[in-house]
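Heads up: the structure comes next, in structure tokens.
Chain IDs A, B, C, D, E and F follow the sequence of writing; residue 1 opens each chain.
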Amino acid sequence: MFLPILCIFSLILSSHAAVQDFCVGDLAAPEGPAGYSCKKPAKVTVDDFVFSGLGMAGNTSNLIKAAVTPAFAPQFPGLNGLGLSIARLDLAVGGVVPMHTHPGGSEVLLVTQGAICAGFISSANTVYFKTLKKGDIMIFPQGLLHFQVNGAGIPSTAFVSFSSPQPGLQILDYALFANDLPTELVVQTTFLDAAVVKKLKAVLGGTN
Amino acid sequence: MFLPILCIFSLILSSHAAVQDFCVGDLAAPEGPAGYSCKKPAKVTVDDFVFSGLGMAGNTSNLIKAAVTPAFAPQFPGLNGLGLSIARLDLAVGGVVPMHTHPGGSEVLLVTQGAICAGFISSANTVYFKTLKKGDIMIFPQGLLHFQVNGAGIPSTAFVSFSSPQPGLQILDYALFANDLPTELVVQTTFLDAAVVKKLKAVLGGTN
Amino acid sequence: MFLPILCIFSLILSSHAAVQDFCVGDLAAPEGPAGYSCKKPAKVTVDDFVFSGLGMAGNTSNLIKAAVTPAFAPQFPGLNGLGLSIARLDLAVGGVVPMHTHPGGSEVLLVTQGAICAGFISSANTVYFKTLKKGDIMIFPQGLLHFQVNGAGIPSTAFVSFSSPQPGLQILDYALFANDLPTELVVQTTFLDAAVVKKLKAVLGGTN
Amino acid sequence: MFLPILCIFSLILSSHAAVQDFCVGDLAAPEGPAGYSCKKPAKVTVDDFVFSGLGMAGNTSNLIKAAVTPAFAPQFPGLNGLGLSIARLDLAVGGVVPMHTHPGGSEVLLVTQGAICAGFISSANTVYFKTLKKGDIMIFPQGLLHFQVNGAGIPSTAFVSFSSPQPGLQILDYALFANDLPTELVVQTTFLDAAVVKKLKAVLGGTN
Amino acid sequence: MFLPILCIFSLILSSHAAVQDFCVGDLAAPEGPAGYSCKKPAKVTVDDFVFSGLGMAGNTSNLIKAAVTPAFAPQFPGLNGLGLSIARLDLAVGGVVPMHTHPGGSEVLLVTQGAICAGFISSANTVYFKTLKKGDIMIFPQGLLHFQVNGAGIPSTAFVSFSSPQPGLQILDYALFANDLPTELVVQTTFLDAAVVKKLKAVLGGTN
Amino acid sequence: MFLPILCIFSLILSSHAAVQDFCVGDLAAPEGPAGYSCKKPAKVTVDDFVFSGLGMAGNTSNLIKAAVTPAFAPQFPGLNGLGLSIARLDLAVGGVVPMHTHPGGSEVLLVTQGAICAGFISSANTVYFKTLKKGDIMIFPQGLLHFQVNGAGIPSTAFVSFSSPQPGLQILDYALFANDLPTELVVQTTFLDAAVVKKLKAVLGGTN
């Protein structure tokens, strides 16, 4: 008896093509400035919206004793076009996430285990840092240098949220010492001695 | 004599490819978070910018005695990327557009015939409603539940404008009762009795 | 019995200050690049979302036999921050809305009475124009020169929607001839003869 | 010896006023469509960027056995203008976050304890739901109806991130039954019987 | 010894596909409302970010004694999606850039040689103009009519920056007189006499 | 005779309050996430849109032999809300703009005198650099580390455009060594030796 209601909105609802609630990324199709092309809505399932990779600690058996596990759009295409993403951060005792920036998004860090000393430096060159305990959250505004250091005697974990599905990540030491940027240019533009630069390039796999 | 002016700007104007005044949607090409791919400008004609489907009343011979005729980007691809769209609303005597939201855009409704009782509910849970007469306009902010009911003894018509070419439409009863969402979950998340849910599912074609 | 639910979300819902579903413009407070300051939510009523000024035809007893009645954010502050606005256009027989642009938004025109010949010119210098009948809609992309001319033997009416609460309006003849822009500069930058410029300045109230 | 470098950029760096890395909200100053006015940068400290309210479980001693603790811009003004926010969700055994929407942002939910059955309904009326275990994340696109139900025999916790500092929250039962929206209008726009509406209004504190 | 750091971020850094710092335009692939599709990052070289076309003066041997050389996204695809572009402007003695608008972006002009008299007209019909000397910069807000005239006895040069990679360009005389817009419509919408229109159409290559 | 046209649009044009073509910053009024409050349009003059501070070379008599002269919104409030800004860069022989980022905008550099070796490093850790000659332009995407070094035997000059009125500036050495960030944290987060850090802190005026 009520069924005729089905007809009324049929023009709108008859086809998935009419809907852009979401745009699950199709990593094989063209990418544009706003993100990946959309997977056809008819092929989207709940699994496009669920990601299980953040449940386990990353491997911190490395020199910085830290691991970052991202769920950005390339890893979790359901986030494409939705304006946010997330990652897991594990810090063993003594672990450090070295000085870095996210060129494309602001960050909020939530400590879920242990304690973390975290900070950032503003364009006005002011330093803001604090040791965060479990349950604390801290903001790192877009594009500013920041860092996280384990501030507890136990392994610490945090989850970080970003205001972009692709916030990017530029790790300072990587950018300076782990590529083919000529030593001379690093010296000229950082005031570091060539010997310091060469030593770090050797350690981090940089050339030139 | 004046013709050399033609040369000056030729680098800019020699090719349609240099222009992005508009991006008429090519529904067959990849879609991205910002909308459809653009039809080649050289193939665009005035008819891509004109739509004639809103001239006639929709068919209100149904139980809710209402009809919505959209001119969103999927129906009118010339709107793609331009940040607005429009639709026609017809309400027979006793007609109702049930409680619904537009997840992707704000709305302005203009009454062009009859009278309409319309309202919305804010995040702060305040209700704003009023009976609008011919020529009145009313705002429905993005994503909030709202409704329209014929407020006259005669058929009423309105045109609604949206701040997005794809504002979306989620009709509450549809979302709850006209799909395969398990009755148990509807009951748990709405405080409605299972009997009420089952009855409405039967009427609206829902399952589970 | 169910009342405790009221407590759960009280942190969110206890105060209107926590909500920014809308930002009704306070025309007396500071304005910023994103629009007017918001009226306090507690003082907002349904009348902030309803505007009745478009119900009557504007006065077309003038030389261009046309009238534009805007409901932009300055006239209808409820639109502030919501990304759209609307206006009414009345064209008597022989009426013309002269060549103009909206620097801040795209437009969709809906003919509700009579017929209107409307068109725009693209950056690629292509002309798109057509005579629209009642119920037709036409798009005018942001910032492009466009015009509307009564295309019927009877008065015609249209409602125009914009993708901005403050789309702006620059009428070509006004910009060139109805202010104190020196005749010499108009001549140099338009290729019109000084005599033509001076004549139109006289008619439209321009000086210099 | 190196000190003259200090002078070079002094024009830029001499004043906090020159910097807009962040805009910590001043809740007492005018609010606009883009958010709150900014606290003077010189008065900003690290505590403006740190929030400690999410460390404890909310009180779930209520009928829905659930608690939501937001860190949106009104609670955590450091987020103002930065495009994201976060909240904590606690679900006792049998706990439910009833059907709701966030009109202003997309959401990502991260389960940190227990298990949660969560889902949303699209504009195309498709249901996407799944039981999430610890470490799983799930997306809820902007403005769509969604819900979370404890899916474990133990208390469950989640942290939810949003793509806006003020995503808003509209709880369906609240919007329909916990305000002064007339019963008659609820009946007309939801297809529920008046008796059902009146019963829920009584439970949830609604009038009319 | 330090090499294990390389592993930590390998999930993020192992693939160019994970990065959207930039989106160099692929002019042969689909274009969308946000710009061109991106060239594969692996194929991007420094030459995609460098453009050498603005080093020479444009050819001003024409009636308006002016030349505009754009580096917009179509000429310099590295700008795609980055929100800005640039162009060179050469004005011989007596040179004029006629009245025009950029529908898609605001402009800043920098005089690098000679002097330029430049101005714009606002929506409120106020004229703002001034003679700029070498080193001066002037703003032209988006979509407003503006012009530049050589203000020196020597050739003048300027570089203009835009807030969009594709700001567009609509030259008033071109739009009115250099296409097939019927003379009658130009007359009706500009208040110019048919004789004036026909004469300028003849000069500028317009028809109808 | 034509004067009645003046009345038609009077509702729109009668008041400067109806116009938001621009929002010249009022540095004394509240600032929000979108920028400064607007100066009253009636008080705006052409001088609000013209800035003369870039005509002279900055003082390069310092150790890095470089000077940056910004025309960002704080120096040139006419740019407020318009999405772009500009600065002048002077490099004496041997001059260097050290490694830095702009957290809030992309940059295009135009060489107007001499030659400049410039480069940036992407999130994927690829280095893009080149020696630019007079007339060349180069792109530096938002938030990425980049540098400029005089590449000629003569003083060099460039003008840089940004996609934001407040792009920000974070100079790496400043951020690490010219504030009170504890040496221990710098060491932990950069892999530099404490001795190197302390030496640079001494030179650049840092403490702790």
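Operating definition for what follows: contacts are C-beta pairs under 8 Å (C-beta built on N, C-alpha and C of every residue); 3 or more make two chains touch, one makes a residue touch a chain.
In this text the structure is predicted, and so the values were computed from the model without any measurement.
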Grouping of chains that still touch (sans chain D): one piece
Chains in simultaneous contact with chain D and chain E: A, B, C, F
Of all other chains, the one whose Cα centre sits farthest from chain D: E
From the options A-F, B-D or A-B, the pair that copies B-E, where over half of the contact pairs coincide: A-B
Relative to chain A, chain with the most remote C-alpha centre: C
Computed distance of Cα centres, chain D from chain A, in Å: 21
Gap in Å, rounded to a whole number, between the CA centres of chain C and chain A: 42
Contacts with two or more other chains, residues of chain A listed in rising order: 2, 13, 18-19, 21, 30, 32-35, 103-104, 119, 122-123, 125-126, 129, 141-144, 168-169, 174, 178, 191, 203
Complete list of chain pairs which touch one another: A-B, A-D, A-E, A-F, B-C, B-D, B-E, C-D, C-E, C-F, D-F, E-F
Parts of chain A lying in touch with chain E, wherever the complex brings them together: 27, 30-35, 58-59, 61-64, 66-70, 72, 74-75, 103-104, 166, 168-169, 171, 174, 178, 203-205
Residue numbers on chain A that touch chain B, as the complex places them: 1-9, 11-13, 15, 17-21, 23, 26, 29-30, 32-38, 80-81
In the complex, chain C residues that touch chain E: 96-99, 101-104, 117, 119, 121-123, 125-127, 129, 141-145, 147, 149, 168-170, 172-176, 178-181, 185, 188-193, 196, 200, 203
Interface residues, chain D side, partner chain A - complex: 2, 13, 16, 18-19, 21-22, 41, 45-47, 49-52, 54-56, 71, 76, 78-79, 82-86, 105-106, 108, 110, 112, 119-120, 122-125, 128-130, 132-144, 159, 161-164, 191
